[in-house]
Amino acid sequence: MAQYLTLEFIAMLTGFILIIIGLWGMITQKNLIKLVIGFSLFDTGLNIVIVSMAYVKNSTAPIIDKAVDVSQAASKIADPVPQALVLTSIVIGLGVTALMLAYVLRMYREKKSLDINSYTDLRW
Amino acid sequence: MNTPLDNIRTVFPNADVWTQRQGLYHMSIPKEQLVALVTHLKEVEGYLHLVQLTAVDWIEKNLFQLTYILNNPIKKIDVMVKTFIPRDNPTMETIHHLWEQAATYQRELREMFGINFPGSPRVDKPFILEGWDDIPPYRRDFDTKKYAEETYFPRPGRETNDPKEYMKKKLYPDEI
Amino acid sequence: MSKSDLEKRTVMSPDGEPIEINPLQDYFCDARPKVHEPVLPIFEKFLNWARSESLWVLGFGTGCGAIEMRPLMTPRFDAYRFGIQWRPTPRQSSVFIISGYLSVKTLKRVIRSYEQMQNPKFVIALGSCTINGGMYWDSYNTIKRLDHYLPVDVYIAGCMPRPEAILAGFEKLKELIREGKGEGANLYAQNFDWYKANQKKIIKDWDMPDYNW
Amino acid sequence: MVNPIHIVSIALGVAFALGFLGKREKLALGIVYTALAVMLAISASWLSHFWGNVTEPIQIFTGGFKPPFAINLQMGLAESVFTLLINTAGLLGAIYLANELLKAGKNMMIVFLVLVLGLNVMVMTRDLFNLFVFMEIQSIAIAGLVILNPDRKSIPAGFKYVIATGLISSLLLLGTVFIYYFGGTLNIDFISQESLLYVKGGSVAIFLVLLSIVLELKPFPANGWALDVYEGAHPGIGALISAASATAGVFVLDKLMVFGNFTFFNAISIIGAITFLGSNLLGIKQDNTRRLLGYSSVGQIGLIMTIIGLKPYLGENTKFIALAILLSHYLAKAGLFWLAGMVNADKLKDWGAIRGHRIYLFLMGTFIFTLVGFPPFPSFFGKWQLVMQLANNHHFWLLAIILIGSFFEGVYLFRWLGYAIKWDEVEQNYPKIKLNQFIPTVIFAVLAYALGFYFGELSGYKSTFIYMAAAFIAFLYIFDFLPVFVKNTLAIGAMALYYFANQDTFHGLTSIFFIIFVIGGIITLLAGYTFKGKRTGFYPLVMMMFAGLIGLLEAKTTLEFFFAWELMTAGSYFLIIRGKKSMEHALSYILFSVGGAYLILSGFGIAQIGHTGMGLDVLKDVHYYAPIAFTLMAIGFMTKLASIGLHIWLPGAHAEAEADVSPMVSAILLKAGILGLVMLFLSMGPQKLFGIDVLYVLSWVGVLTALMGNMMAAFQEDAKRLLAYSSIGVLGYALFGLTMMSHLGWLASLSIVVTHFMFKSLLFLAIGGVVMRTKTKYMYQMGGLIKQMPFSFVSVLIGIIVIAGLPPLTGFGGKWLMFNAIMENGWYFQAGIAFFAGVISFLYCFRLIHTIFLGQPKDELRNVKEAPFWMLVPQYIIITILLVLSALPNSMLKPIGQILLNYFPDGALVWHGQLAIGPYGYWNGKLILAIVTIIFLAVFAWLYIINRKAQKVKQFNIVYAAERPFRPETTHFAYNFYAPYQKALGFLVAPGITNFWDAVSDGAHAIADKIRSIYNGNGQTYLAHILGFTVIVYILMNGGF
Amino acid sequence: MEFGIKQILYLLLTLFIVLNYGLILQGIMPKIAARVGRRYGIRWYQPYLDLIKNHAKRSKITHGVMYYLGPVFRLTGGIGLLLFLPVIYGSPVFGNLSFAGDLTLVLFFQFFGVLGMALGAGESGHPHSAIGVSRGLSQVTALELPLTLGVISIAMQYHTLNISDIVAAQQGGVMNWTIVTNPFAGAALMLTFLGSMGRAPFDVVMAPQEIPIGPPTEYHSGFLGVLQLNRAIFPVAKLILFMNLLYGGATSWPELFIKTFFIYLWSVFVGVAFPRFRVDQSVRWFLGVPLLFGIIAILLI
């Protein structure tokens, strides 16, 4: 039970909880904007999980500047790769959410309704 | 003389009835009400069967008499409904809607007497005289004997014998 | 009374141009009947003998005499013994029995059947009605003398002769044929116009070709 | 060589540079085109570099570090091919969308470039995260293209697309991250498969990554979102999605399959098979063009997924098969989408508007035939190789699913093609051909043919005859503007030249069929001179059919045989559909033929097991499941023979075809089925299936077909249908002869086949001439034509005497041989029914000649002219041959007997001049003809003497019970000619079989209707589908397998 | 077989005998039917007279070429059938042209006459003749199934289709006639014989008075003469065929006359006793009892 209480595990757990909440939002919410919010929640949850992976006990952010010198960087900084990945993932998440909102705007202007069930003329 | 048809007089006041014998009665009715009477007889009184529809040529009174003989199969009564129609361009409403076969009778009357029944099916179609161009032959002013001698080629030397005289002459030649 | 099927009509042919149809000319052959001379006498005698021995009668009962012809087929009179046989079609029959009064309407059908029979053909007329109109002498509708319309070979008198009389008539016909006097068909062909004039005098709605082949 | 990274740099550079151009759209578009062209040039140069010699792919490092510390791209042979495909699709797609790009302005151009960039990098990258990034870019770009080019329906579709691909990419990201978390690296080459799979979380991560790639390729239950985009988006964009992005997705799946173990491969192939079968099944219910194309492309991708999944079994063939099918999908789908864009008819039936437009129909035909896998296109060779490999690995279930799936695909594609060629309820309007839309489509069509030729070479298909024929067909197609008589002479000349060129190359049974196909072809082509004008498109198709037929004879290997078989089916399909009301009949014809062809294909597949070579003699010693292969192929050939149960296509197809096509199709084409059966029976001999002798069953089938065919023919009102049913009858007879496997049996059946060719083309030509003149096919509307068309009367008279087998003419020879053959081998009950059927043929023969030529002439037909001269010429050639054969029967039967000697040595006929002495009786054809003619002339002289001057009379001079006949129509007895017979035996011809097939098709449509209701158009349900699909596949993969 | 003048004369002799026998038979059979009806009946030489009278008819009409050739086909069918049959077993004189073809030829040659007559009747334009032909064809095709089964079982019994061999196998006493050794095939054949003769129960084809004598309605004079010639020869040829198949052929003319007379009598007796079948009734009947016999015959070989 003890080995589960580490900070890293708690962070990853919250990340997964956020993912599940986001998923739940996307699946059940009829309102389009709530759906987009659900998606962004899902996305942030995912980012938290990625970041939580990079945790190294009492290490600092992987920015090489005056505080952390190149030579002893390997021992003092957290794992840099997930940090880099999370940056791109956040940017992509932003892009996708922006596109979704653009679609929601255009669909609202079309049919004046935010309910997803009213956009089912393309089917079978 | 009470007849089973007396109660009809209540409905048709100007129809007079007389009996010829038990089960055979005569009625006469003006031309306009005839079809109503006949329909009444058929639908209400149960005279279901049209026995005969024929005409009589009263040339002296310049009238045609139309006789409709109806029969009530249950009460076993025949009734002869008579009416008079003028002789020159005689017409009468058709009753083929009551009885189909009335159309044939009317067709024959059309051909033989010239009585027209507008609306009766195939009334002008030739019945037995194909290509007839003379006046309708059943009319009394048509002389069949003269017509026969004119159109057909009678064989000369034909004489008619009274059968009684002829046989007497044959069997007992020496009697006369 | 329009004979709709006899009127001229124009019809569209499959590739579009109209066709003029005149039923009487197009459907019926309007050739006149021809006289067929008998062949050499000795040979003709033998053929006449054969013709007399095999009389095929056309089963066309025109009047009340038709009922007299039925007993001829029964065992009592049995005309088959004399080579007489009833044929259903005028094409194959050589004897035409006119059995009784002929109304104008029936005469038209009789003429058509008579003309459809082949050359050596003979007509037997039963009863007085065919001779001089009989009891219908003054009727507006029946013909009085048959031989004015068709060449008749044998008249059998009687207001419907009994089967025995008909058999005797047949015997008489056989004699005539054997003597070569059964040339009614040629007679009809020779004075065809006279016969046709008489026929058209009383059949007013003449809707068929002059000679029905 | 230019470093491949420049593909990326050019795309990105131009994309940003466009921002500064301001309002000058045209210039921007020019720049975009040049950029795409350069990218295409780079990938083409790399392809040529890797073409022959170099096999080692080069690595491109970014950021100065070697992997695993930096992202590296790889450019090998595979990558160069796929980037080339993507860039060509990109360039041609851009050209196609020129107007839309100009209208939507610079940002659409930028998004377009980003899309092409994304696809290129997806193919080249070796880094997992990089793959995720560019997959996300590519889907955003597509969504962007959709939103930038709005029409009413595309916005919701785009939205569904975005949320679906967003979810899928996030799953991929989750998987990638956890692979890094467990494996420590993101580089595909360094992720060692062993370590990851057995760590608890690792297998889940691998599963997530692979599954998201599969989800990206739109697997069956979870692809609602994709279908809506295909339907909603502009066709240009649809083409890009289905061609370019699907190709990239497939490559990525193949790249990442290195992670998965055996269960992953099985899972992929099963998902692919279900997708292929499911989406094609649903396709048959579609009536919207773009949605149909959506279903078809999803299906095709499913098929390619299956092939990738079968990699462990197919080994080195996978590359060939996958590429062949992918290429045909790529070319055909893009082409059809572009075509849909040009014609922009939403409903399938509206495509009738382009009927008669040669160019559109040529393009559409090419693309559809590429998709379905007809020769000479690459998918034909791909499917052939796939079936062969599957059969070799005993994957019979998968083989069945794939064939049934492609049959469904054939259903809806040919129905659509039928609408386009023939649907006349929509008035004709030809959309103006815009050049920028037309060129890409034509390029892809040409590529389809070129690649077809290339793949043919690859799969070792070297038939010189077919190439010559293809050249001749192309030549005729180009010179289609020439008048008919020039083209007809050309065609006949080519056939005659071919006949003399290799008169002696064929010996044995094929020489009989050689004569029927070539000489028969020439004779029936003679009737072609009657047609005036240009008769566009007729002669290439006729030559295609005859090329197919002769190809059958020339075939050395099973592939060549099947190639020719499919070519013949394609040619005859187009010939039949030329008839006026022939759309649904042509459809039923092609479906039965395709079904039959697939049976033959699977039969060949099974027969191949354990063999390397593909020679036709492989059929001689089949190791495994020989009876099953034999039955499959027999049924396959019998679909072409229209035996009972498989016959419902024949009456409609032959009756509705044109006047001179019917004889070709009926008299010559049906013989292909006989040729197939002859080859099959000879090589595989009698077989026992589940203990019953298959040939015995086939003999009953043949006899019942004869009975049913003749019985149906007797009750037909339409003359050409009557002849069609009679063909079924006679061929049933021939099949019965073949199943006897004895010398006399085969001699009887082959003589019946040869005489059937002659009298059937004679009768079809004669009736064709009559129908041409009277403009009606119904016999009761004709009558009394003997006076106007005496020559046609004589040819029909001789035709029916031969069909009925009356002694003086050659038909009797067949009957006599059959009688003796039956005596020999003892199948008496079948014999009884066979002769009963033979006599029933007498009924419809008389009905045919009486109702048309005798009886009362009708008013309309009074001055109908005799049949056209050139229709009579072939008829009278055939009549002379028939009379010669009747007089000298041994001139035909002796040579056939000699050929049969080396297959069935015992029981041959002994010939003394024209007297044939068989085991049970003897027959002297010449003497019978002589005697009958002498008696005939004697009796005629006698009748002439006694009946010289007969009076000619007209039609109403008949003894009509002393009355005058009313009208000709009322006195002509023709309608329901055998009413009492129908009352007595009518129950035999109740439409049982047609009802059965209708029930099958309605059932399929009902199932399709029920299943497709899962796509209810709601975005959220699609998300639920995706998640559900993931969970179910996971459970099945772990628990199930 | 050499084919000299002698041979042709023999053929003409056979033809002459059979023609006269046929005409006499046509005379006698109605007399027998008449006697059943206690009628005196026609004279035995009446058919001769009818023949001469029809030939002696002077005027004739024609509906067209095929109408003209109808009776020619018919008579050729009749004479051909006769000539292809071995009439007298064992005699070189009356072996006819049986070497030209065998049982199959005879089976199929019957239809030659039927086809010609049908075409002629069709050309005449009369609807009733077309109806007659349709009825005739339906009936004849229906009886073909039991006939074929019977013939096959006989052919298999003697392992040959050659009629002379079949007759040879039946020589030597009544006991080895086919009707005795293979009764079911015999029964099937004799029942279908009724149908093919066109007498009373199955005479719906000519159906006198109903559709005036069916197909030959429009035929007359010379044409009818030729048809009568055929009506004399064709039935006798069929009688000879059935005699050869079932009753051990004939070694001499008297034997032939007796046997054929009784076979013909069989159809007359059945004809006189039964009313006329409608066409669908006769079709169903032929595919009932005779077919059953045929099947049993096949099973028993």
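As written, the chains take the letters A, B, C, D and E, and residue 1 is the first residue of each chain.
We adopt the following convention: a contact is a pair of C-beta atoms (placed from the backbone, for glycine too) under 8 Å apart; a residue touches a chain by one contact, two chains touch by 3 or more.
Quantities reported herein were computed from a predicted structural model and do not represent experimental measurements.
Note on connectivity: the fewest steps through touching chains from chain A to chain B is 3. Averaging Cα coordinates per chain and for the whole protein, the chain whose average falls nearest the overall one is D.
Taking each chain's centre as the mean of its C-alpha atoms, chain C lies 71 Å from chain D. Each chain gets one centre point, the mean of its Cα atoms, and the points for chain C and chain E are 36 Å apart. Spacing of chain A relative to chain D, judged by their CA centroids, is 51 angstrom. Multi-chain contact residues of chain D (touching two or more other chains): 951-953, 955-957, 959. According to the touch criterion at the top of this document, the contacting chain pairs are A-D, B-C, C-D, C-E, D-E. Interface residues of chain C facing chain E in the complex, by the touch rule stated above, are 33-34, 36, 47, 50-51, 53-54, 56, 59, 74-75, 78, 80-81, 83, 85, 87-89, 91-92, 94, 118-120, 185, 213. Within the complex, the chain C residues that touch chain B are 1, 103-105, 108, 131-133, 137-141, 143-145, 148, 198, 201-206. Within the complex formed with chain C, the chain D residues making contact are 773-776, 859-864, 951-957, 959, 962-968.
Put simply, chain E touches chain C in their complex at residues 30, 34, 37-43, 46, 49-50, 52-53, 56-61, 208-209, 212-213, 217-221, 224. Residues 129, 133, 136-137, 140, 143-144, 147, 150, 152-153, 155-159, 162-163, 166-167, 169-170, 173-174, 177, 180-181, 186, 228, 231-232, 285, 1012-1013, 1015-1020, 1023-1024, 1027 of chain D are the ones touching chain A in the complex.
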